[in-house]
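As written, the chains take the letters A, B, C and D, and residue 1 is the first residue of each chain.
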């Protein structure tokens, strides 16, 4: 809820009763995590629907560097369950259909220890070249741990063993694990400074939802923990400092008006349709479209297609139906609201990506394969408008470490 | 991988419409690697958008998708459909908890118990970060590590008849977590936690049915924790009897 | 949130300790006692073979009297304690207080009577 | 929080017959009820002693030979053994011993304790009767 450019709280649905609740606050910290569920293959949970990003975006805060989407190279196909980096760290091999350690063509010096984005792209290239395996959930490659032996697997990779056994019925001591790349992390997010401040008075963000820019265009493993602990604490302190000197907001007219508008939107629009397509089909098409056109490899045409698809889906969602009309624990309504958030967030990705005519970090353009520091050593900023997002740029602050060429 | 058809019978309870719960049957095509949760998701996406249940991670980590499957408390994300081949699969809300809607149960009671045992490390005095971390050896870690695997899925509560009979009972997961901190060499909160687990409705209600440890999807053994808690309680009581003052 | 007051069940903890000990006794010592009284003696099997009888267990030796006391008292305590809790689990939870009262009464009386006999026999020289 | 109660939650009660729901529960309930036999045997033994105390040693011995008492005692022995076995199993479950990389399983404790039971029983007979 924004009153005169200042954030004064949130409206939320009490899922238990279906009631709209107003929570007034001097400051709001968004800590809702990423938006992996925009994509078809993701390690993220069902609840990672980018709500916080959309909330800030709608309130007027730009989403920064949204084209920087990290793919992780080893997900179980279908379920998106993550097989940890440690599996490769301990010496696991990635193999294609011909039983070949294909990484020698991509990162000969690092092989399986290469960075996530390069490994993910390598797997995609193998699959596109017809050297992947075909399964019921699309193509995949193999992660082979069989040569590591029982003791290493049990002591060092117990969770990998458990997941493979529980969810695939595979014993990694004897069989390779099928894996494919999938969305894992959003480097981009709600624009904040290093205190978690979004630039809009009273609004702070921390964690994956935020983009403090500590991850640049390509996050390193475990840095999200730092992001949570360090910048979470920083955001908390900054919000507290702000709250102490501010007056408590009152449930005044602008705020009340916003709540009523939201109430109208939910109960008179979303829940009202009796006929139309299911929200689940809109969601599936968004996920497939993002995966196909805004995924690991991108180019002008695919990104344009991505923008078009999301635009279409927005129209379709506004006519879709929520079958469940109950007040109590209406998860379908929640899913509809989340999908609405997701579409807003999803849209910023191809729009930001299409303008970045270079390849940098996790963002790889097949039509512009080189990094272009002269033109694009900048942060993209997606602003909400009544139409498609408006993208502009803000300068990158470089302190101690200068960007260098990546060589492996 | 071939496709089969699973018949799933799910408890429906919609408090705004129904006075009583009833079963609704759905037919779901499935592959060998599909779990009950996939079937529920299929139903919600393709057949009936109003079916209500909780889930998030689909990999046995978040602990939100528990249900009684054929009478046994299980994570729906960890129960394969093919294991029920040829049979109707009955999916009901977890036993003992009040039902809010369909498979969604009220977690309030457990949440309160979780807070009650103070599931964090208590220090008499926090040392500033500059002085380094609280160190712990592998051996010290092993004393409690299995109990820290708890994902708060509440399956152990659904499996515990004692909790079903008397909801005041602190129950398996909360006691196991309390024990996890009691055994943690970095923790100094024993004085605070003992009274919580050693009151009548703490560990003492447990009669070693042991089903909590059977159903735990993370291999935690709450029964063991509760028993060890009782042994601690008994030794403390005897100590305080022998040494009325400095005993504890 | 409610104010936290927790009453440590110290008495119960000690009673539970005895119950545990009783379970150990019932598991390790009771079977052999029942064997001797209910099989070996009536059927004249080893070790009695018609020569000795269970009364020797009670009065033949101070150690025997002690064995009888520990085994019977421990088993009685354990059995009653556990059985009254089993009763609360089949629908009698609301009578728990009463069950406990009856249970402890039986345990108390049983053990006192047992001790009384053994002590009098010891004092009047029946136990040698 | 009162608003939550606008729509009734479904509360389910555990029926007294809950222990028939699965095999584990039933085994548990049988285990608990074996304690009745443990307790009853103890009480009967005390009653036998009271016959002796208030009458003669022969009264006690006749009592032990009473077919009803023998019959009951035999049943009690079976249940006591079951009780002992579950107790040993639980001992193994709550106090596993770590040997090398693996922990002892409850059934190993059961076997070990059963052997121990035989030894203790023999020792008791030797100490109390044969010596």
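Quick notes
Operating definition for what follows: a contact is a pair of C-beta atoms (placed from the backbone, for glycine too) under 8 Å apart; a residue touches a chain by one contact, two chains touch by 3 or more.
Given the structure is predicted, the values throughout are model-derived calculations rather than measurements.
Using mean Cα coordinates as chain centres, the one most removed from subunit D is A.
At the centre of the protein atoms shown, by the Cα-centroid criterion, sits B.
Between A-B and C-D, more C-beta contact pairs are found at C-D.
Distance from the subunit A centre to the subunit C centre is 66 Å, each centre being the mean of its Cα atoms. Mean C-alpha position of subunit A lies 29 Å from that of subunit B.
Rounded to whole angstrom, the centroid-to-centroid distance between subunit C and subunit D, based on C-alpha atoms, equals 12 Å. Centre to centre, using the average C-alpha position, subunit A and subunit D are separated by 58 Å. Multi-chain contact residues of subunit D (touching two or more other chains): 7, 19, 32. Within subunit B, residues 15-16, 100, 161, 165, 207 each touch two or more of the remaining chains.
Multi-chain contact residues of subunit C (touching two or more other chains): 82, 85-86, 89. Per the touch definition, subunit A reaches subunit B in the complex via residues 16, 45-47, 78-82, 136, 163, 166-169, 278-281, 284, 321-324, 326-332. By the touch criterion stated above, subunit C contacts subunit D in their complex at residues 23-24, 26-39, 41-42, 47-48, 52-58, 60-61, 63-64, 67, 72-73, 75-76, 78-83, 85-86, 89-91, 106, 110, 113-114, 117, 120-121.
Of all residues in subunit D, those touching subunit C in their complex are 15-17, 19, 29, 32-33, 35-43, 45-46, 49-50, 52-53, 57, 60-61, 64-65, 69-70, 73-74, 76-77, 80-81, 83-84, 87-88, 113, 116-117, 120-121, 124-125, 127-130. Against subunit A, the residues of subunit D that register as touching in their complex are 3-4, 6-7. Those residues of subunit D whose C-beta lies close enough to touch subunit B in the complex are 7-12, 14, 18-19, 21-22, 24-25, 28, 32, 90, 93-94.
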